[in-house]
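In the two complexes below, chain A is the common chain; its partner is chain B in one and chain C in the other.
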Partner chain A sequence: MTDDAPLLSLRDLVIEIRGRRLVDVAELSVARGQIVGLVGESGAGKSLLLSSILGLLPADATVRGSITFDGLELRGAPDRLLRSVRGHRIAVVLQAARAALTPTLRSGTWIERALVLHHVPAPERRTRIAHALDAVRLDPALLRRYPHQLSGGEAQRVAIALAVALRAQLILADEATSALDVTVQAEVAELFRELRQTEGTAVLLVSHDLALVAGLADRIDIIADGSIVERGGPGVLTNPQHRVTRELVTANPTLGRDAETPR
Partner chain B sequence: MSGVRGDALRRSPAGGSTPSPAGLDRSPDEGLRLVARALLVRYPGTDPAAHPALALDDLQLAPGRSVALVGESGSGKTTALRALLGVIRPSAGTVEYGGTALDRLRGAAARDFRRAVQPIQQDVDGALDPRQSIGAAIAEGQRAGGGAGRDTAGVVERLLDEVGLPLSLARRHPHEVSGGQRQRAVIARALAVGPRLLLLDEPTSGLDATVQVRILELIERLRAQRGLGLLLVSHNLGAVARLCEETIVLYRGEVVERGRTRALLDAPRHPYTAALRRSVPEIGVPFRAPLGPSPGAASVVSRDGCRFAARCPHAVAPLCGSPQELVPVVNDAARVVRCVRAPELGALDPLT
Partner chain C sequence: MSGSEGAVGDSDVRGGSPAPGGERASDAGSALGRTIGYLARRPGLAFGLGIVIVLAVGAVLASLLAPFPGDAGNDTNLLGALLPPGGAHPLGTDLAGRDVWSRILFGIRISVGVSVVVIVASLLVGVPIGLFAGAVGGKLDDLLMRIVDVFLAFPSLLLALAIAATLGPSLEHAAIAIVVSWWPWYARLMRGEAAAIRGRAYVEAALLLGIPRWRVALRHILPNSIGPIIVQASLDLGGVILTFAALSFLGLGAQDPTPEWGLMVEQGRTLTSTQPWVAIFPGAAIMVAALAFTLLGEGLRERLDPKGLARS
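And now, the complex of A and B:
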């Protein structure tokens, strides 16, 4: 395994549910420390694709092709292997940040338990948590709070702090900033960029917000009807070729000085 | 603009009348005006020493006018909308429709208010009865608007067409249609009542980007064709820029800036408005990390001082620790800003 090989690589991935082909992706990869954006509308297959990486597809789904992570084949892998990867080396940050935490646990306890579950020894837990809080600029006092006492942005930072404490190599961010206020969304987006710098964390950023992804990602994949229809750097968006990309680009607000406002 | 009532004024936290933006006051339709004056909302059970959920000196809605309330969670924008609908009673100040306080509207006047002022809620999924077909929901709106007995099927058909839904959708139930179609159905039902003012609370949140644009286009078209007045509560500055001529920026319950939308977005005067503007990602504009607070920000924060100081890149002691008043902006009669440093900082660059 060389460092040049992609961290995550999907090849000829086909997901079918009850005979319907919902995902058909020839190739999608994320390199170490890379931020890749996966953009598409509802029903495009974004969430199924993420679920397949985590081995969490519905029972009636069939998967073909290969899903490799850091040299490990995840498709059809035994549960024990999946459990050691999922939520550990691959962290997940969801849209509903508060719902991802456990309502009856203080956020500090929630992080601590996840570290115990993944066999991090006690003395190391403390240093890892301290480092993670520092990395995501989270006030240690918030670890005493329960999820309902946290704002959406704070809960999202707690979830990301856990990813840092677990030394996740890859964060799967599924609409992780969609429910946040715009100023908080910008702060969380900045956090992903910082973590790439400081921790070398790769991010697969799944979103319907093309403009946000364009500002953050090294590469953008546009998904429609289960397939990647266009791919490229942020430049893709200045010269979109595919109809879906063009629609997504035009749908974005322009606040520039030439934008129209009612008079 | 009419004066603020004396008794309301004395209870106002600002302790004095603040200048209202001029030049945005041009609707002749006096009877259909929805006006909030010296509004103060404190929720029961909250600490009386804490800031109220909302303090809003002056807000005027009328057919043909469009006003946006923007700000983040906890800024008071939904509270303002509820007070304007009369579903919460302000702790001080008044909301009047056609010159009468909402809690004094009786009989025909009350019915007229409920017909003319229609809310479009944020939760599209919860806005329709899951057991009722979309056609039945629209027909119910028509009956509520006093149109019972008229050609209901014809009205439903016309409204579905007006909001861009196929006629076949009338027989469907909410769970059988897409989110965008559901929002169109909610709008059709509101139109069935015969409104003159629409109060929209985040009408496009949760919808796909391309669907959002089509809903905004619909609202824009309805506004023009029906001469509706709009109040848009949103954190989506793109929607605000598109639909509203005036914008009020709220931060933790108070107005920090208001003025014409275009001027306000192009050249924000309040650091919070600039931060909001900067946080909106735009294609072709490199990601701009939000500015952090100034090094001295923590020492500036005081209960009566600027509420944004803790996050403000321009906060300085002792200026920002003292009470902040809404003051007019030189050379822009429509603009007011609540920042003691505004004259010195000038127009803030929204992009850097």
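And now, the complex of A and C:
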């Protein structure tokens, strides 16, 4: 937050669908290499906020305010610019790990295609993919598999490996671990931590799982009814002020007892 | 791009089949054995496939297999008219003394061949329109589907009849008439499949990767939704063969001396009590071909569109 030029900065962001104001965020920023948690109950506007960053809101939604990424204004930006940012500079990791991979494509083809799309030259593709697989500890043999032949954790690694191979500066993780079982959740969370260290990747971690976010994020923003209602370091959990935060904390039995050393 | 193109076709084929994870290319040697085993458990599919192969071979080798190739064209032999089956003419001869067996063989190229062309043409019109409507959605989708509804409001045989009658009787016009009455089915089917796939996570993921919408439609929606359309097309082949024969039978399709099966039935229509072979054998050919494609389509459905089994 103290960074002079945040990587991603949302200001006075208002999203309305058919006259209903669903998101109203005064300020939200992610610095380079920072992990920010955005936590809220379902329906709080988290996913809508993520979609707005990459300009993929439903057609009947209107957006006001400003979304800047690395000095670029993304709100209302031409499709061409948005497409060059999507995946390439801002990667999204979705909740449905396997379902997010096209069933008719081998995972390797899927990664390769994305690199081609974003103009990574052929000789470099090979080294980047090798590096990415290494970074996410994924067996190269899995690249020959189709999504239905992968486990949820493996599929999620494929998605994250692509983000690494594309050298995304920011990963938007939309409930990226929610569908995975607990041990795999921890592995994927650890992966985000490592990537921040080795690649300098910033992560906006959107989740309803406060425990996971608390163990990972440098800062946590609590969102309720489309607005940020509380903000702070992991300490926000030990002394929650807002009703929603308290509810999120009490909803998770492990947090109240052991908020200082989560997991 | 060239490096990944090969994998595309490959993956599309493999993706359609629910091959279990353990099976890899290494046991390709037993692929033939597995296929035979698969067919042995599905006699209908095996029969349909067998007939289709026979039809294909017959169409290609008609000029070698037919005892009187000229009889498929303008040759006539009035002294040998209406000979009963046997001897040099295994299925007898027609009013003009032409060998029925030779004409049936050459008729595969017309009756089945043109039907295949008609289906492919209908797919080429219907699938892009349906894919576009389903992938884009919104007002354009509504507009396109209302146009499709207008076409579908007419019974397809009636529409084809009206168009063929307007254009004038000929083989080409009959084919055009069937395409015009047939493509809307594929447009609607494709639209439904594409619209269902559009909401899938992998389509969202593809858009989030910065892939342009048209390419998402072609590479991520189309390969994952074409299965039921392929199945429907193969099932429809039987219907198109029948429609095409019906148009010719009514004098709106192929004209003499074209060896079209429906036309041949019509030419033997008045002789059924005295020289039944003139009409019965081409009629049987129509039936067998239509049946074969229907069985093949049902077999493909089990493979490519398992949920369609519940629909039928």
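Quick note on the criterion: the second predicted complex is superposed on the first by the 250 of 263 C-alpha atoms of A that agree within 3 Å, B and C clash if a C-alpha of one lies under 4 Å from a C-alpha of the other, contacts with A are read in each partner's own complex, and residues count from 1 in each chain.
Simple rule for what comes next: a contact is a pair of C-beta atoms (placed from the backbone, for glycine too) under 8 Å apart; a residue touches a chain by one contact, two chains touch by 3 or more.
All values derive from a computational prediction rather than experimental measurement.
When the two structures are aligned on the shared chain, A:56 is found in touch with chain C, with no touch to chain B. Judged by the touch definition given at the top, the superposed model places A:189 against chain B, while chain C stays out of reach. Legend: residue contacts after superposition of the two complexes on their common chain; A:112 is shown touching chain C, with no touch to chain B. Once the two complexes are laid over each other on the shared chain, residue contacts for A:148 go to chain C alone; chain B is not touched. Residues of chain C that touch chain A in their complex: 1, 3-4, 7-8, 11-12, 14-16, 21, 138, 200-202, 204-212, 219-220, 223-224.
Note for the complex: chain B touches chain A at residues 66, 72-73, 179, 208-213, 220, 235-239, 241-245, 261-262, 265-266, 275-290, 350. The touching residues of chain A, when paired with chain B in their complex, are 41-42, 151-152, 181-187, 189-190, 193, 208-212, 214-216, 237-238, 247-257, 259-263. Residues 54, 56, 59, 82-88, 91-92, 94, 96, 99-106, 109, 112-114, 116-118, 122, 145-149, 159, 162 of chain A are the ones touching chain C in the complex.
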